[in-house]
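Each chain gets a letter, A, B, C, D, E and F, in the order it is written, and its residues are counted from 1.
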């Protein structure tokens, strides 16, 4: 059984790679390279999988899952500038690809202490940048 | 080729496990344990897979699929109280996890007589409890 | 300037009029008359209107609006059986028409104490029973 | 006859009023006051009204409407920081209320030269900040 | 009280005005003038208004409304070529503006016989050609 | 890392198999067999997968992907009659199953020249005929 639960946050970012010249950045990222930044409403789908507990009929305690995602993702990312206020993006360009990878890493790093019985498993992280672009780690 | 088709029903339920005390039920299910019940608009995605018939260009006859889902799922569940009016939930807590499992079981039990050529296959049942919580069997 | 804000709750109900015979109820409400009830995910749109405060750029303080709607609507209605647990529906059939009227009445009754400066005004209450049926008071 | 057409842009902003102290800004805008800003995917609905041309069956030439909205709204706002890169928000706090007012003003200021026959009329501007908050001028 | 109910149909059409030259048609309608036609999934919102019946809690009997819309709109338009198979479009260009006007006319012409008590009133017809273009009569 | 990007087109078609009699076509396809055709707004999801470029943070250059899909799918299909104007449907019944297969074939045939580094891979094509019917190749 898989459960997919939706979370939201709004953040700003600027796409700019330190390894590239100004011209190459401008050509590669276009208006996403705008030095003043821009922003999005991100939607994150977290999918967990595991057996259904026969006593409770549940695959996961939603309070535990919500606490984990809030603590490591929505609270530190919501209404933030990703480049300036999220440690991982000091080095990494905050494309939605990298944002998905960081969310996935953060959840996996704290998964075992949040779910010490090792169930459910973290199956998949998917992130919507806009209604047209969806990324899956 | 896979075809996913959407179905809807509205039902009420109460989450309460006979194996737990009143206090444990209250703590586990919170307001979903409310003795008077509550309800949802459920959306069910049924995904079938198989080869495309070269003569008709179809993977499944939609009338057959609709008749099967209507007879075993939407007709007996729509505008019903799941705890009181669906046989399987006399024993089982009607969480959406268990609801997905029961829908999947019901479809599989009657699949072979509905599709005697054994095509298409029932690939997946997914159920939306709300826009935020999606379950997949 | 108008602001429309969305709220959600899930509840169960049964449509049955005390002024009608069993047969008339059955004919009028069909499967909505099912004695065990059924349920929906309701979405409520609350629209307020007023001038934009030139200092803050806001038409309403969202914390105030959320507190009002939570206290009088979503908290007492969410995960409830409307017939059994909401006082107004002891007498009134809990159709979505009447549900909209009651939500509108509850918000209007407490509006002046929530917004003592008499701004913003409560412009409109709209309620979605399903994606197909929308009611506006 | 009314036609409503949807447009999109993504931008970042920070809510901060120069007329208020740091503490008052923080209390009023909460995390929207974050000095590094945040962002949204905005959706703008532009509604025009007028008679249907009996020869063409059209209420407006969509190329004209698109050119107007692109030139005055989506091009200058998309992938921009509203506080830093849009002239009107040098003075005005870029709440979505004010953003709606500015979009409405910009369209009205250039309406007559775009539609010299004075038809259609600009009926209404509506802006979605998130799926939960909708503003109408 | 207003009730808005959604209906769907899929149809094909070609935009071509008999009062214009081939070149003018091509310039005016662009690829919508393609002689082989194209098509859409249309969504129609029918809004009725009236008092809520105190005995039933209803503003309209949905079976009556559905029968009216099915008989005069969805049945004759669904899976049809509007130019070839709907009488009104022998003369009229089947733009979505005109489609909305025809739906409105058809419903009004049969309204009084469907609702002889003259309640509810037909408040509004709205039609979605695509998610971006919405027309209201 | 997977990226799914959405594309749209509107087209008309008629379902009719040359290998079947008129009666068999009518029985099989029902109103989709209407000789004058009908139409839909199709939504196409193209999913690509590959490693994230560590320098750019991107899994694919969206301009390249858009150019490919536009050139081989949306441009030749949008506002077209599939039976009359798309070569593959001279022989093949333009069911949405076959439409998905043709889109998939067209993208795969030109993939290597569009992405000569052989990254990203074309993971999946999914097509929505209506909100209720989704096909995946």
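Convention: a contact is a pair of C-beta atoms (placed from the backbone, for glycine too) under 8 Å apart; a residue touches a chain by one contact, two chains touch by 3 or more.
Owing to the predicted nature of the structure, the values given are computational and were not obtained by experimental measurement.
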{"item": "Graph distance between subunit B and subunit D, where chains that touch are linked", "value": "2"}
{"item": "Contacts common to subunit C and subunit D (chain labels)", "value": "E"}
{"item": "Relative to subunit C, chain with the most remote C-alpha centre", "value": "F"}
{"item": "Centre distance in Å when subunit E and subunit F are each reduced to the mean of their C-alpha atoms", "value": "29"}
{"item": "Mean-CA-position distance for subunit E and subunit A (Å)", "value": "43"}
{"item": "Contacts with 2+ other chains: residues of subunit A", "value": "131"}
{"item": "Chain-chain contacts as defined at top", "value": "A-B, A-D, A-F, B-C, B-F, C-D, C-E, D-E, E-F"}
{"item": "In the complex, subunit D residues that touch subunit C", "value": "15, 17, 19-20, 28, 92-95, 97-98, 100-101, 131-137"}
{"item": "Footprint of subunit E on subunit D - complex, ascending", "value": "1-6, 52, 55-59, 62"}
{"item": "Residues on subunit F engaged by subunit E in the complex (per definition of touch)", "value": "8, 10-13, 31-32, 34, 36-41, 78-81, 84-85, 130-131"}
